[in-house]
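Note that subunit A is present in both complexes that follow, paired respectively with subunit B and with subunit C.
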Partner chain A sequence: MSIVIPPPPDFTTHEEEAAEFNSAASSRTWYHYLLIFAALLFGAVSVGFVGTIVWNSAPEWAHHTGTLLGGNGWQSPLGPFGGLAMIVGTLETSVIALVIAVVIGLGTSISIVFLIPRRFRNVVATFVELLAAVPSVVYGLWGFLVLAPWMLKTVIPWLNSWPFAKELFGNVGQEDGQSLLLASIVLAVMILPTFVAISREVISVVPNDLIEASLSLGATRWQVIREVVLPTAKIGLFGATFLALARATGETVAVALVAGGVANVQFHLLYPGTSIAAWIATEFGEAQGNEVAALMALGVLLMLVNFGLSLISRWLVSRQRKVLAVV
Partner chain B sequence: MSGMIELEEPKAAEHQMRDEIRQISDKVRRRRQLRSTMMVALCAIALCITAVPLFLLLYQLFNRGLPVVLHPGFYTQLPQTPNLITPNATGGISNAIIGTLVLSLYASIMAIPVGVLVGIYLAESDSKLAASLRVIAQTMAGAPSILMGLFAFSFIIRDLHIGFSALAGSFALAVLMLPVIIISSEIAVRGVPNTLREAGLALGAKPHKVSMKIVLPAALTGIVTGIILAISRAIGETAPVLLVIGGGYINSWKPLDPVAAMPLSIYENAKSEWPSLRTEVWGIALVLVVFVFVLSLSARIWASRKQQAR
Partner chain C sequence: MDQEFMAQVETKVTAPTETPERGASAMQLKNVAVSFHGRTAVRDCTFNITKNRVTSLIGPSGSGKTTLLRALNRLHDLTPGAKVAGQILLEGTDIYRGDITVTELRTRVGMVFQRPNPFPTMSIYENAVSGLRFNGVKKKALLDEAAETSLKSAALWDSVQNRLKVAASNLSGGEQQRLCIARALAMDPEVLLMDEPTSALDPIATLKIEELMTELKKRVTVIIVTHNMQQAARISDDCAFLLMGEDRAGELIEFDTTEKIFNNPIDPRTLDYTLGRFG
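After this line comes the complex of A and B, so read on.
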């Protein structure tokens, strides 16, 4: 009779189990496979998202790259389909909107953080975030039915009294209210809440120690803001700017309603124009054959611009986190 | 005598110098204060400039929208196209309301399970797949919504030959909602304290049990908040549905029928030549904005309540 020594029970230590838990790859349960499956599904969706749009635009890229990037004018059923007007229009409207929104938005977030009494600060912040959630079509509607007539009745006659108005804005007074300038204004109003919501947060996380230290050295309120708060928050503010720019370039229906929808390279801001996204929205309904491919090609351009902007903004925001961690 | 004078004179000069220095520093200080007051006032003016158009927008929305939405037929009737005989006929927007509900319902069915699971996966795995999916989700969360429309058009309508339908529209909205749900779920799951997980594991629970019975309930508030915010964003989107839902004029819950949607009705009525439709459009916009506000406010309030309870 030999003594059978029972094998040691299968102990797993706490660390092992935690490690097993943390690396999902080692816990081979149906739950783990479900998670992997969902992740792969999302990966497939994102690849399909980029892939189908690029694939469907391929025929245009193959034959008419030059026209798409540098051609002016869009001949609807058969082509040529020039994308320059939309590219220029997108640049003009979003850059003007961005300049307005950043200058005003920065002042707004500074006053929300430093001027408004603590009691109301949360209310104002919530209000701003609610406004950022207002659907863009509502901003477009407001621009189209309220601002455009106002431009016609008030702003354009006023601009007409300027000496160089004609050279700057075009033949002032002959167009209806829809114009690139109006589109820029509506975009600015629209991205303001987005920009303020982010920049307010970036400014409000600047450590209080820094602010109090410089106040105790005798700095005035503005000196504290300029010398301490803004430099500390700088990178995050750049991130907010790029995010706002990404939103402005991608905006579709608001611009489609107020820009006028004319595919012509236009530097006079009171003339109607269009943007990439707005042009896709207005033309897609009647598009056939090659035109669909050309619109998809514009979509690829938009995607490249947007992805580039959001990568830059995310990189900046992560750098801001590191700056604050050092502080 | 002379010694006293010698003592007095430097004292007087010192006083004079001190006075001068004080005067200069007063001037500098005053200038600094003035500059500070001016710049801070400029910031306050910027706040007012921001507030004016936004208040105007809300005021005009309520002012012009309220008379329309107080009419009960507005919610129950189908739209009518005005013509020369009945130029004021607009009917209601029941098809658009139902269309919006249908679209967000199907989009939620598609996006929520996948989104929450991917969020959990991203929070609990440190594989390369997770890292790259995180970057993809963050990039897609900011993608222009018209691209989702192009995707749904190419995939559902062109490749699968399904046609302009609620399904195509909700697919576009689901792609829009997915990254938002993924990101917020990941943050919520990461926010669950590790001590909870370890306690569960120490009691001998299997990892997947811990994940489902402990981590998921603890993270539920954050996850649901993210879902509501995603839905409220999807409800207001016009561009993706513009290309693919077909704009149906009937009340239909079937996924393969063309449907209407409130943002799309706003877009189309605003461009219409009929004054009656241009009046009605403010009512639709008001209903839509109230929808979105109620959703995002309830998400916010709920999240803060739960936080306080904890």
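After this line comes the complex of A and C, so read on.
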């Protein structure tokens, strides 16, 4: 018996559809041009934004790159404008904040996914995501008005009782308690919801298959988490870490409120300091001439760092997808 | 047409060769019922699983085969609202008894899942010995030996012995599933539960796993859930047929030797199902 293949039904190929879509036929109505205009406008604004910042910072990069990246002290209004204090301050506050946030955050996400009873799980997860949406000025205000006095009264005397307290932290800095440590803690509180929101997501998409497989091999719940869930989610957790780091380095208002705003390279955490973002925010008002270029240059630096961090975290998240895709 | 069709289907099923005489029970199920949040998913399951035989659980979707299987190594323990009633005895001991350690039970009753699920972050070797490591075995010599024996038992050793350090995700689907079998065998279980282990595999990989199962039953009692009637007929010695009742709960219709279930069942619904009249 021979097999008869029925003729294909009448259909339109995608190529034909595309041709129709792109043809200069009557389909090009006013909204077509509006959409193109909107897209072009967006492109122009983006290019203009990056271009002008780079252009305005160019004099500083051309003449004072060394001072900007390695000089200490910011002599307003004539210079030199050393950016080292801001760079170091950004690194210190972000890294300390990140360590605190990752340790507490990982525990929180694991608890949300595995320990909290199912019916509370969504409530807690939603609450965490809401915290991530609180404007940073509120965190800054809380840090300055609530956390700082509390730290002055309780935490700082305790820290000072540590051995080598003076070498580590210095003496109590400002009367109102502004310090790099306070900025780090406020930052940690701020990036914690971001980290928990993403890491919870990453942990909860680890396939149930793998959890059941390990259970059926006699693993305890803790072994399942430590030896199967966390290794499987590892890359995505790094992605969450880099996103949290990006948020910490870019944070402005909260740090400006609690760090103290002193442009001096400072390794004693109880002394005031500043970060790149906070310094730009507090100084631009009175800046003129070369100082504007210097602030712009700091802005370019911050922008590049954050581009880099975002790219890394995106790359990590896509790698995580690949890991899960083969499961 | 109907008669012609029937004639084709009604080939006599002969049980796999070398079926041992019915010996001691590996597991006994007495009135087992599983419910979720008070809704019964499967009930009235009473039958014995004989040592060194392959027992298949067959029935249409929703008849509770997988639910029943997962009760046998207490995998429902972590499902909120899940309740297992009746008795499940392993070597005469109720596995739901208070003093039974669930992790130890699961080393005695291993499981292979529907989709191959090797741990993606572990190598072939690490996957094979993962169960031993969970249970605190650290000696490299012991692990090496267990890896080799279990991979050999799963008919995987020859093709992977030179790439044990390679990530398990590099294996084909069939090889991954055999790695999962090896992973379970490394624990030296008494019973191996298999939940539609070939449903995600191509016919050649399926055939290899089926051949493996007849080999495996010499040392381990196999309980397999399968959707595929030919598979149940080919590989199982005993067969439990489950069906969804009127209240949508699965129940045991008939349990007997595979030969009897396929050729001469007591319940007419069993015959209807094995002949492909529904399901």
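Remarks
Throughout what follows, the second predicted complex is superposed on the first by the 288 of 327 C-alpha atoms of A that agree within 3 Å, B and C clash if a C-alpha of one lies under 4 Å from a C-alpha of the other, contacts with A are read in each partner's own complex, and residues count from 1 in each chain.
In this text, a contact is a pair of C-beta atoms (placed from the backbone, for glycine too) under 8 Å apart; a residue touches a chain by one contact, two chains touch by 3 or more.
Not measured: the values here are computed from a predicted model.
Once subunit A is used to superpose the two complexes, subunit B occupies space next to subunit C without a clash.
In the superposition on chain A, A:110 contacts subunit B only, with no contact to subunit C. Of the two partner chains placed around the shared chain by superposition, subunit C is the only one that A:118 touches, whereas subunit B remains out of contact.
When the two complexes are overlaid on their common chain A, residue A:91 makes contact with neither subunit B nor subunit C. Shared-chain residue A:303: touches subunit B; no touch with subunit C.
In the superposition on chain A, contact is made by A:280 with subunit B only, not with subunit C.
Residue contacts after overlaying the shared chain place A:131 against subunit B, while subunit C stays out of touching range.
Rounded to the nearest 10, the angle at the Cα centre of subunit A between the centres of subunit B and subunit C is 80 degrees. Residue contacts after overlaying the shared chain place A:232 against subunit C, while subunit B stays out of touching range. When the shared chain is aligned, subunit B and subunit C each come close enough to touch A:220. A count of residues in subunit A touched by subunit B and by subunit C gives the higher number to B.
Fitting both structures onto chain A leaves subunit B and subunit C with a minimum C-alpha separation of 7 Å. Under the contact criterion defined above, the residues of subunit A that touch both subunit B in one complex and subunit C in the other are 220, 223. For subunit C in complex with subunit A, the touching residues are 73, 75, 78, 80, 103-104, 106-107, 110-111, 113, 115, 117, 119-122, 130-131, 133-135, 169, 180, 183-184, 187, 193. Residues 14, 17-18, 20-25, 27, 29-32, 34-39, 41-43, 45-46, 48-49, 52-53, 55-56, 103-108, 110-112, 114-115, 126, 129-131, 133-142, 144-146, 189, 192-193, 196, 220-223, 225-226, 243, 246-247, 249-253, 256-257, 277, 280-281, 284-285, 295-296, 299, 302-303, 306-307, 310-311, 314 of subunit A are the ones touching subunit B in the complex. The touching residues of subunit A, when paired with subunit C in their complex, are 117-118, 207, 209-210, 212-220, 223, 227-228, 231-232, 234, 323-324, 326-327. Considering their complex, residues 32-33, 35-40, 42-47, 49-50, 53-54, 56-57, 60-61, 113-115, 117-118, 120-122, 124-127, 129-130, 133, 136-140, 142-151, 153-155, 158-159, 175, 178, 182, 197-198, 201-202, 206-208, 210-212, 232-233, 235-239, 242-243, 263, 266-267, 270-271, 278, 281-282, 285, 288-289, 292-293, 296-297, 300 of subunit B touch subunit A.
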